[in-house]
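What follows is a set of notes on a single structure, which appears directly below.
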Amino acid sequence: MPGFGIIKGLKETARNFFGSYHDPGRFVTIQYPEEKREHHENYRSFPFLVYDGDPVKGLRCVSCKICEKECPPQCIYIVPEQDGSGKLLKFPRIFDIDVSVCMGCQICVEVCPFDSIKMDQEFEVSTADRFGGLILNRSKLAKSNEYYHQIRPAEATAVDAQLAAERERQQAKAAAAKSPAPAAAATREKKP
Amino acid sequence: MQLAFTIIALLILAGATAAVALRNLVHCVLCLAVAFVGVAALFLLLGAEFVGLAQIMVYVGAVAILMVFALLLTRNADLPATGPLVSKSWLTGVSIAALVFGCLAIGILASGVGQAAPPSPQLSVRQIGEELMRNYVLPLEVLGVLLTVSMIGAVVIAMTDPKPD
Amino acid sequence: MTPWSTLLALAGDATGSWLAQLKNLATHPWVVNLVAMAVILGANAAFFAVITLLERKGLGRIQNRPGPNRAGPFGILQPAADGIKMITKEDIVPERADQLVHFLAPLVMLAPITLALAVLPYGPQLVAVNLDAGVLFFFAIGTAGELAAFMAGWSSRNKYSLLGAMRAIAQMISFELPLVLSTLVVIMMTGSMSLVEIVAGQGSAAWGLPGWNIFTPWGLAGFLIFLTAAAAESNRSPFDLPEGESEIIGGFMTEYSGFKYAVFFMAEYFGMFAVSGLGITLFLGGWHAPFPFLEWVPGIFWYVAKLVALVFGFIWIRGTLPRLRADQLMNFSWKFLMPLALLNFATAILWHATAGWQFPGAWLCRWLVCFGIVAGAFTGLGRAMLRRRQVGPRIYRYAS
Amino acid sequence: MVDFAQPENAFKPGLPGAAEPACRVVPKYSDQGEREGDWLEISMGPQHPSTHGVFRMDLVLEGETVIRLKPVFGYLHRNHEKIAEQTTYLSSMPYTDRLDYFCSMTNNWAYALAVEKLAGLQVPERAEYIRIITAELTRLQNHACLMGFLMQDLGAMGTPLMYAFREREKILDLFEALSGARMMCNYMRFGGCRIDLPPGWLEQTRRLVADFPRFLDEFEALLTGNEIVMARLQGVGALSRELAINAGISGPMLRASGVNYDIRKVDQYGIYNRFEFRVPLGAHGDCYDRFMLRLLEMRESLRILEPALKDIPSGPIIDARAKLRNFKPRPGEAYGRIEAPKGELGFYLVSDGSANPYRYRVRPPSLINLTILEDLCLGQKVADVVIILGSVDIVLGEVDR
Amino acid sequence: METLPQLKTRLAAAFPKARLEIVPNGSPGNPDSLWVDAASGLKVAGFLKNDAALQLDFLSNVTGLDWLDKTVTEKVRVKREFKGQEIEVDEILEKIVPGYLEVVYHFYSTPLRHGPLVLRMRTENRTDRTHLPSLVPLYRSAEFQEREIYDLYGVIFDGHPDLRRLLMWEGFADHPMRKDYCEPDDYEYEPTPHGALLEKARRHYPREAAHG
């Protein structure tokens, strides 16, 4: 009977019409600003820098520039700190990320040997000032380890354990060598 | 009544003049449609409801649309014409127009309309129908059969595919 | 206009003589007609606003989303927001467009349809203009839509607009025939072209059943043909080719924006109300209640209820069906609807001719015979159409 | 890095000067003189509702019948291949997400497969399972959306598209839980996957796979028997078997023309040989076959997903030899291809031993499937052009690269 | 599928004039490729397509490659007259190997389900003799891919029915995928943390850059 397929289709849309009132499997819309979806721990938006303790001195970043090199869209810009004599210090003087260029690919996180850069979950980053507001500098990027624990508890705990183990190993090595080398910053001794 | 007639008459005249005087073909057709509508309005004004509506249906709905379609399907319809507005044989045209006008005027004057106008008969659709079915039943039937045959013929022609694909 | 004059008379009596003069003025035909016109326009405009919201909400629910719900509680202010947006939007006219025709097209589209709304009987006494040839008036007025579509499409100087205009004209002309043929059956069976009389003819009911035309075989078939053709006439899905946005962007409305676009939009909805109203008047008993014991409810209520139901049907179809192609549309009109409408005509004659049958069960017998003819024609024509195009379900094989 | 000392707009010397031909212009149709007035030339796109992105077709119509169609590409061209040649192997991975942004998982897989072939990496079993699961989920959502888009092109007011998107949302939720992003997953790595499945993910996926047939049944009831859909799709844009093979058509479009060629079966990459699934074949090669084939393939994908979700072993998810930083494969070349939802997605890599690929080439199924667009559209109506284009299934990110 | 040397032998028998060479692939596990000279490329491809044992009817992928001019240093032992004596000395010769553009074809067979067979063709140089035969008469799938290679590399395919640029716009002068392509120094102003880019931007957009 011609027309039967059309009637079957009409039946299907009617079912969805009524289903949208009682079946949450059909009605999946979330009213965004009022209700927000729960993000999974793995959810990522843009990078941030982790610090322990002091927001400036406690940055884990040693300005090794690996992330700058590996960043696919080249949105990271790092200038290491220098001391009075011009020697490069293991600390970023400038650490900028152009969020309008960043594509949130997480490669900087993966290649960072110091667990210093991590992915944030803050996604409401819109700003009226595209040029100033979307270039994040060091102070805007720095977020505490506690915040990291808050957004990614499992991963942060694992990272902490790994860092502690590393530190212990370094200390053990230092103790074994009875090193005359400066004990400071031993945890971060690595070729940039 | 007078005022309405004047307005409508002016509309018809303006539409008809524009239809011959404008350079853009599409504008001409649209103005012609305006003139048709004006004529229909005259019929309505005179109480000839059925005729007025039929006028709109046939002239605006069919004739004007047909012209429009013809325009759409021919090329360069929207280019302005380049020839002179007044043709060389304008005298012939004017004389024919005058002749037609004269005939019409004589006819109208002879019919005695100009004198005391009789009360206009209120022609309802029912009356038209009864008239058609009683006095003019044979022509109506012939016409009806003709039209039905032509319609069925159109359907039959449409039903047969020229080339099955 | 009886209700108005009654109301005004009551008011005049109650408040004293200085109002009597006002009463005299108010009962003047010009004033009454203007008021009636304003009421019809206002009511339809309000209805238009409600229907746009209903459509968007309904489509949303059909598509499993909430629909507009930001403007006001449950989004009820959405039509107002849309209106404000449309009015305040920049009105862009293409530089090379034919300015005057481009400006006039929406008006030519809207004005006649508004006139068509005036002849519909909304209730027992609620008819603005009771024309003898109401049906004829309706179709005469409808032709202006074609002209308007052409004006819009041609004056925009846009190829998509032109394609849309051509499609619109071709479609409207093609579907006018089945539309008129299906209407003609009702005119023939009622014996009147007056919409008021057609409604009046559907009130009487045997055994308390509604005497609507749709409950006869020719009425049922006629209604379906009418509905299909009406959807095509008012450019509703699945016949919305003239503005088929996935193919020719906006059809003849491509180059319209702002309030002019809103006028087109309004004209489209008014057109839908008008043809739906005509369908209600011709086939669904107009303002009549379905059963005699419901007659105490005012007729306007039944009219609006039927209108909403029909319009929601259009929305439902719009939410379900994809659109046809232009040539298929023509085929559908000329090879399916037209023969069907002609056969329906014959069925109606048969129905009329057998009205004298007196044996018990005659009515049922007539009904079944006539229905059999119509249903058989429907199936046969439909099958033939599908088969000719070699269209049908397929079975798929899998690689071994 | 760019040499800034270069004068502005300087093109390097040594380019073919004399041999540089002017861009050849196709003979204008107008040399057929008198017919010119009957023909309507339309530029469909780049801003058009149904070109699926910034794609343009130069159409010449006679009435509404297409008598010439030339696709114009490049509006989204960003020279993905050049970018990839200037960065490391790893850095190209997120860019592959953006090729066919509907199917980032399969794009990742194709690239990872090519690099693994080049560098001789072994993928652990668990990672292979994860890859198959994500790839088939990708196929589900791509095919569902494609059918929705096709119906949108047919003018169905987005209802099927909304149903498809509803299901796609559920799959994207899974992708987000797994990889952190809904569309730009950047999930696979050379020799495995980036992170292991989060807890509860498999359970969620199983539930989705169990619920999915309901959606398919509804979709089928809504569309496949619909007379209008059949009338619009059947017999439109028929592609012959020979032309399909000759023009390098791949994916569901090739199989709709009746060619039994599914790279999952032919190459048996990954661990596809462990799964039972059938390859549906079309007989007519028209839009309806292409449409139906995707529906049938979705059912087959479910047949792969069910055992895959059941049998997934535990273990490492990445080859221990795979290095993230300083990844330098030996000089050589490799071509890795997979059956992406849109067709054969291949990556051809040439290594010169450095950290950047010497040559990085994407074989874009969307682009190559468009080769026969003009052949399919000639003689059809303008309304068919959009559905033929829709049934080809293109994503402009991949076409223009 | 038969091995590449076997195929080469058969091809050499079928086309005695053709220059065939097997190009080894450094990457283990990946197939070697066959280098055919441009003159007999079309004939060889036709053979591959129609041969009953091969039936390589599916040209999957066509790739362009750019090889720059290379300076090869080699040590040669040459005889020199030195103080009236002829002695042999080592001399380092610097030789410039002219670069060329290369097109790589990947063939598969749909009925026999084997492949890929990798075929290569090379142009004579990178500048003016960049002609190769088009495979479009045999394989439609080459149509857009050859256009793309023409666009991005500048290889001119003789016999292509519609050789226009594919991705870049008509009138674009360069071939961007070439290794020595230098991007034109004009782009929109975008503030950026990168000093070098900012410097470059300042030259083009002094006003915007001053505000930014």
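Lettered A, B, C, D and E in written order, each chain numbered from 1.
The working rule: a residue touches a chain if its C-beta (ideal position, glycine included) is under 8 Å from a C-beta of that chain, and two chains touch if they have at least 3 such contacts.
Keep in mind it's a predicted model, so treat the numbers as computed, not measured.
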Chains touching both subunit A and subunit C: D
Longest centre-to-centre distance from subunit C, chain (CA-based): E
Centre-most chain, if every chain is reduced to its averaged C-alpha atoms: D
More contacts between chains, C-D or A-D: C-D
Far-end chain from subunit B, centres as C-alpha averages: A
Cα-centroid distance, subunit C relative to subunit E, in whole angstrom: 66
Separation of subunit A from subunit E, taking each centre as the mean of its C-alpha atoms, in whole Å: 41
Euclidean distance of C-alpha centroids - subunit A vs subunit B, Å: 77
Centre-of-Cα separation between subunit D and subunit B, whole angstrom: 60
Subunit A residues counted as touching two or more neighbouring chains: 2-3, 6, 9, 12-13, 16, 26, 28
Subunit B: positions in contact with at least two other chains: none
Residues of subunit C engaged with two or more neighbouring chains: 62-65, 162, 319-321, 386
Subunit D residues within the subunit A interface of the complex: 87-88, 90-95, 97-98, 159, 163, 166, 169-170, 176-181, 184, 186, 194-195, 198, 211, 218, 221-230, 324-325
Subunit A - residues contacting subunit C, complex: 1-3, 6, 9-10, 12-14, 16-17, 19-21, 26-29, 31
Residue numbers on subunit E that touch subunit D, as the complex places them: 25-30, 33, 57-61, 63-65, 104, 106, 108, 110, 113, 116, 118, 126-130, 139-145, 148, 152, 154, 156, 162-171, 173-177, 180-186, 196, 199-200
Touching residues on subunit B, where the partner in the complex is subunit C: 24, 26-27, 30, 33, 40, 49-50, 53-54, 56-57, 60-62, 64-65, 68-69, 72, 78, 124-126, 151-152, 154-155, 158-159, 161, 164
Residues of subunit C defined as touching subunit B within the complex: 98, 101, 131-133, 136-137, 139-144, 146-147, 150-151, 154, 157, 162, 165-166, 169, 173, 176-177, 192-194, 331, 334-335, 338-339, 342, 388
